[in-house]
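Pasting a structure below so you can have a look.
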Amino acid sequence: AAEDITIAHVYGKTGALEAYAKQSHTGLMMGLEYATDGSMEVDGNKLVVIEKDTQLKPDVGRAALAEAYGDDDAAIAVGPVSSGVALAMLPVAEEYGKILLVEPAVADSITGENWNRYIFRTGRNSSQDAVANAVALGKPGVKIATLAQDYAFGRDGVAAFKQALKGTGAELVFEEYAPTDTQDFTASAQRIFDALKGEKGRKFLFVIWAGGNNPIGKIKAMDPDRLGIEIATGGNILAAMKAYKALPGMEGATYYYYDIPKNPVNDWLVTEHEKRFGTPPDFFTAGGMAAGMAIVEALKKTGGSTDTEDLIAAMEGMEWQTPKGKMVFRKEDHQALQSMYHFKIKVDPNLEWGVPELVRELKIDDMDIPIHNQ
Amino acid sequence: MPEALLTLDGVHTHIGPYHILHGVDLEVPAGGVAMLLGRNGAGKTTTLRTIMGLWKASAGTIRFHGRDIAGLDTPAIAKLGIAFVPEDMGIFTDLTVQENMMLAARSGAPDRPRLNWICDLFPPLRTFWHSPAGTLSGGQKQMLSVARAIIEPRALILIDEPTKGLAPAIIKAMTAALRQLKETDTTILLVEQNFSMARALGDTVAVMDDGRIIHEGDMADLSADAGLQERLMGLSLEAHQ
Amino acid sequence: MTSEHPVLETRDLTIRFGGHVAVDAVSCAFQRGTTTAIVGPNGAGKTTYFNLISGQLTATSGKVLLNGEDLSGLSVAARTDRGIGRAFQLTNLFPSLTVRENVRLVAQARARRGYDLFSVASSHVELIERAEHVLAEVRLIEKADQTVAALSHGDQRKLEVAMLIALQPQVLMFDEPTAGMSVDEVPVVLDLIAGLKRDTDRSILLVEHKMDVIRSLADRIIVLHNGALVADGEPAEVIASPIVQQAYLGREPEEETVDA
Amino acid sequence: MSDERIRPRFDELSFSQRLGEHAPLLLAPVLAVLGLIAIGDPTTWLTLTVAGLAMGLMIFIMASGLTIVFGLMDVINFGHGAFVAVGAFVGVTVLSLLSGWTGTPDIVMNISAILLAILAAMIATGAMGWLFERVIVMPVYGFHLKQILVTMGGLIVTEQLIHVIWGPDALHIARPETLQGSVIVFGAAIEKYRILAVAVGLALFFAMRHVLRKTRIGLLVRAGVENGEMVEALGYRIKALFLWVFVAGSALAGLGGVMWGLYQETITAQMGSEIMVLVFVVVIIGGLGSVEGCFIGALLVGLLANYAAFLAPKVALVSTIALMVAVLMWRPQGLYPVVKAK
Amino acid sequence: MLVRIISGDMPRSRLLSLIVLVIGFSLLFAPFLFPGIKSLDTAARIAIFIVLVASYDLLLGYTGIVSFAHTMFYGIGAYGTALALDAWGPSFWAMGLGTLLGALVAAVLALLIGLFSLRVRAIFFAMVTLAIASAFAVLVSQMSAFTGGEDGLTYRIPRELTPAFRLMTDKILDVSINGRLLAYYLIFFCALVLFLVLLRIVNSPFGTTLKAVRDNSFRAEAIGYRVIWYRTGATVLSAVVAALAGSLLAIWLRYTGPATTLSMEIMINILLMVVIGGMGTMYGAVVGATIFILAQTYLQDLMGIASKATDGIPLLSELIAPERWLLWLGVLFILSVYFFPTGIVGRLRGEVK
């Protein structure tokens, strides 16, 4: 008998990451739509999406997820935006024995030490970012300094980056950490400049920075070019990439930019998004869509069954198409792997943001993403 | 009797839920000193504050120069030429003595001779001219409070117990000063517990009890009539028990 | 307690504010069972002298002795505990509490009950009765349930006196207790202070500007002038002295010395 | 009667006592010298010092409104951060409308565009301040707790309205052409924008000092906070005065918002409230009601933050707080208290 | 008897008595009256917040001290329990010992803060506590190896308190009698006892002295009360109770992190609950916490309904979209201070400003 299948989107609709949340939700809905050809049904079972706001608070997130599983009888939950909330939510999935599809929270430990078998993740993790950037930048003779936020996210990121640099011939010469709420980066920049000043060869400052208060523009204003220092960083949402416009030639690696992956899903997404919202899809729209498509794919495999064990069996090792390209859930830690894109910033006067131009696609096999949950 | 400068007619005042003034009728003749006497809690302070607009009269009229001022707000009343020396002195403790005086001189820098006259009356003001007013002694604060009220010519000055805490020598000086003011056409409404000062200064007198005026007349009559004094004081004494 | 010491003594007590010497090396002893009036022009340093004794201000130099014990370095509360109590010139009460509660708190401090965490305050009936007794004495009992903020100025002065009486200290310092009190109330307070005088173990210090009050209560007058102690002696003799007549009462020497 | 009889006794103040009064003036230079000794390299020191001074002045610009509102009027206005944010958003909107003026490397055009943006921002935040004072603050004068709550409410509402009007995304703004990048002096990079910030900050400082010294506004506000009834009884309309002072404080926050927004280049609705703790700290270090103190406090904070972040980044996390605690231990009322704290 | 339990502190208003009774009754029978995960969670949160807010009222309303470090103590309690459970595994003794240690640390820290900084002016004390609290938050996020940093700690609690533990196989009134229910009642009764203890404290001679200290510390000192000790005493007591409330939260949530315990936002919410409820009344904490938590939890849902209803209207639907719930919470902040200048309790008792 056909039944409604409830999918709960539990994410930080309000709070500092509201902009990310909107994209994520739009993406999820478009993903479900695309994968079901607009019917929002899988094998005759209707997909019902309910939304819960974590307000970016871990306790609220936990309660909301428990409510979704317990009171609303959701089969699968998707979310949240922030890592802290995600980590708090993981045990709830285990307690209720239901699947939590993490998107787009990035902390490694979600599919690492805090992982349990009900957790899958379609979003990229910090290691993927770090490894991709290491692969993109790491050439023999290159000297790199890092600047990262002084808390777990930044330190983990640098550690993964450092690990990935090994064997590329590049050398990490200096690590600088600054508090998240730093207003003035002069001192940090000065320390980095002092460290790189004497080095020979190509010199990069690699910046790992999440959220607002991004230091790149401010460091650029201090004219690192005069010391031969280039700035590098990963991808970001379009609004943040407006700052990249001042940084033509900057290199890095990202997991999505609407103009980069060439595949039918992305073509559909870009056209539809332009049509409906008048803007191209952004960083987290693609992620949300990947999650939506993963759900439908899995349900198709189970024939509409929402039994958790069936779903886990279906999803482990599952391959499916997304706007980011082909993705696959790794068996060991349920982390989805995907191609990453090495880019170089170009300025297009018609666009408000700096445009990342594809230098090279880093295929799943090009990158050795460590497994942390053992 | 000269024409009245200030007339209260059936003034009632409520403070929150409490009914404090029960129909006060009072006349303050122009150019004289009117005394307002009465036991503690009689409503003298409340009367002055009501005139000043700091409490709102809930009924009745207050006429100043023939104009009803009961509805005006405090700054407007002050600008009509009424100065006020409150019971708690109301000095600004963070400001220096000089700054306190400057603010009281609304129309700009006060004129020199008048300032000298005031400082001669109250010598400590000169000594502590640049000290924060909060560090003055109790009596010095009282002097400052009165000094502020007379720094510029005003038509009417309301003074609430100016002599409390003052040394006898200063009381004398102040009595003399108020008498001089009276000669310059300033009308004074004075609340006082110090009967000898009242007798020395007052032209007319009103005695309050329980939110009402219970006696109104000439000061000379009251100070001559020991029986009346006895009756008013005795009455208030009994009423209190 | 040893009786060779005066109850209270100050030795070379001095305080300076910036450069201004407000109390200037005042040495004076106060005996048991006496009432001493302190007079002087406004700003002479009377209140400041009180503040130094009770500890609100710390002396620049000199000391305060209570029954021979040096009080230097002790906090206000500690001095109060040892028996120094005062009423304030500018009324200083607990405005949002009721009249009864104000006095009850004093009685509770006196009974050293403040740190009691687990009994219910209203069950200590003796303290409440003590408070009401004192309120009756100053004729404030019918206003016992009013909050202090709503009292008229004169009533607040009476409460100020009531609180000092409820504290029952060994040294009672009154700073112009009758200022702002109406003529009919003054005798009530005078009677109360006179009653305290009869208790011979205490010593009373009284700052007043009303000569008749001083005459009826004081056994001795000391005169402060610009911070210094300039006269000390029998009331009649001190009042007649030229310095009091001139600087304080503002009289030419030949003038009569009656009323104030 | 002899004269010394009437006059109270005054002793001479000792040299150290008089020095103590002016000691705060020396703090910033002393700190800079200590910084030079600790850092050693003069080029690095110059970069850090100039940047620190400019940062201090930008903080001062944002704090200037708060010194009036918090320092003088004794109103704890958590909404000040919202005014900063609104100022930034309005300013950025105006600048993006004037992109023709900002996109050319013509300094006159660039500066005019910024001035226009500042003007618009100040008008907008001033008007908002008017509304804020009438609706939110007026009923709670004198009650710190309630001020904290209602202004916090006002802050939330304003930030949300920014989301409604400008959308939830952060806005990005590029500085006008001539203010991008740095000039290199003795090998030290000095950002051009910071030079502008120094100029604006200094101009503001002297203007405020002048107004507060030469008019009675400062006196009236202080008197009004202590005893509003008495000020009214002296014939002044204290309510109107408070309103206008509040409006001025809000407009200054708008100015601070534009300057801060252009420095950050990315602006969010939360940008103001994020910097607020720092701004409060500066006002407290300076001493309530004192423009001079606030100025010195801001410079100290700016310099110390940079030196500490260079020498020992971990210490930088708490350097400002440590500075505040140290100052309060030395002078419990702040450097130059004009108003006694309650 | 009842009067004895509440230390003779009557609500002094018919309506208020009724409201307090209804709240108490609803919390006592919450699992049966309002079945569902969200409502039980809300009820537990209300119980915990009543204690937390009441402990803050002891400081703010009764002693007149504005402190921004209250959430720090709350956090210390929560982290005490959390770290113990994390390190020593899910046993009752770990839970108890962690709770005790948390309370102890809170007490010592409060004592130090009190003795060192209660001498400065009220407003500066507020700022000093703000500084200390933010330094503490920095410390917690820096020591991520130990505290889990920004991400916090997730841990297990004794099995008897989890849903997996079933007391009986049958359901009562359609509610399964499991460990979660047990956990709820543990929290409810601990909260009740803590509240009654606080009520006793504020009605004790000590508590009445605090009011004197609040009103006029200068005079309190002059009649022999050592003000600094009373203030410090109140700070320590309220810190200990806050820490215990934090432990309850840690047990209930099975997660502890900076966002749930140390954030400035929670501090402001506590402040608002005290003020809406009515400062210096204890019952205010009950009313304020209940109303605020209910609003915080259900406002967004309500707005969702309202915004559906007004879908067509352009600006209005934008303003009452569920994403904008904070906007209305802000409006609520302002209105509640407007309409309840003496708090709800003050209003019910007919007090005027």
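Which chain is which? They are A, B, C, D and E, in the order written, and residues in each are numbered from 1.
The rule is simple: contacts are C-beta pairs under 8 Å (C-beta built on N, C-alpha and C of every residue); 3 or more make two chains touch, one makes a residue touch a chain.
Protein identities per chain, from UniProt: B = Amino acid/amide ABC transporter ATP-binding protein 2 (HAAT family); C = Amino acid/amide ABC transporter ATP-binding protein 1 (HAAT family); D = Amino acid/amide ABC transporter membrane protein 1 (HAAT family); E = Amino acid/amide ABC transporter membrane protein 2 (HAAT family).
Here the structure is a predicted model, which means the values were calculated and not measured.
Chains that touch both subunit A and subunit B are the following: D. Minimum number of contact steps separating subunit A from subunit C: 2. Farthest from subunit D, judged by the mean position of CA atoms in each chain, is C. Of all chains, the one whose CA centroid is most distant from that of subunit B is A.
Subunit B and subunit C have CA centres that are 29 Å apart.
Look at where the CA atoms of subunit D average out and do the same for subunit E: the two points lie 34 Å apart.
Computed from the mean C-alpha positions, the centre of subunit B lies at a distance of 52 Å from the centre of subunit E. Taking each chain's centre as the mean of its C-alpha atoms, subunit B lies 44 Å from subunit D.
In subunit C, the residues touching two or more other chains are 43, 247. Within subunit E, the positions touching two or more other chains are listed as 138, 142, 323, 326.
Looking at subunit B, one finds that none of its residues touch two or more other chains. Interface residues of subunit B, counted against subunit D in their complex, comprise 52, 54, 73-75, 78-79, 83-84, 86, 90-95, 99-100, 102-104, 106, 123, 127, 134, 148. On subunit D, the positions that touch subunit B within their shared complex are 6-8, 216, 219-220, 222-223, 226-227, 229-238, 338-340. Those residues of subunit D whose C-beta lies close enough to touch subunit E in the complex are 76, 135-136, 139-140, 144-146, 148-150, 152-157, 159-161, 163-164, 168, 277, 280-281, 284, 314, 317-318, 321, 324-325, 328, 332-333, 340-342. Taken in their complex, subunit A has these residues touching subunit E: 13-14, 18, 53, 56-59, 62-63, 66-67, 70-71, 83-84, 87-88, 90-91, 95, 107, 109, 114, 150-153, 155, 179. Note for the complex: subunit E touches subunit D at residues 60, 66, 120-124, 126-128, 130-132, 134-135, 138, 142, 268, 271-272, 275, 279, 318-319, 323-324, 326-327, 329-334, 337-338, 341.
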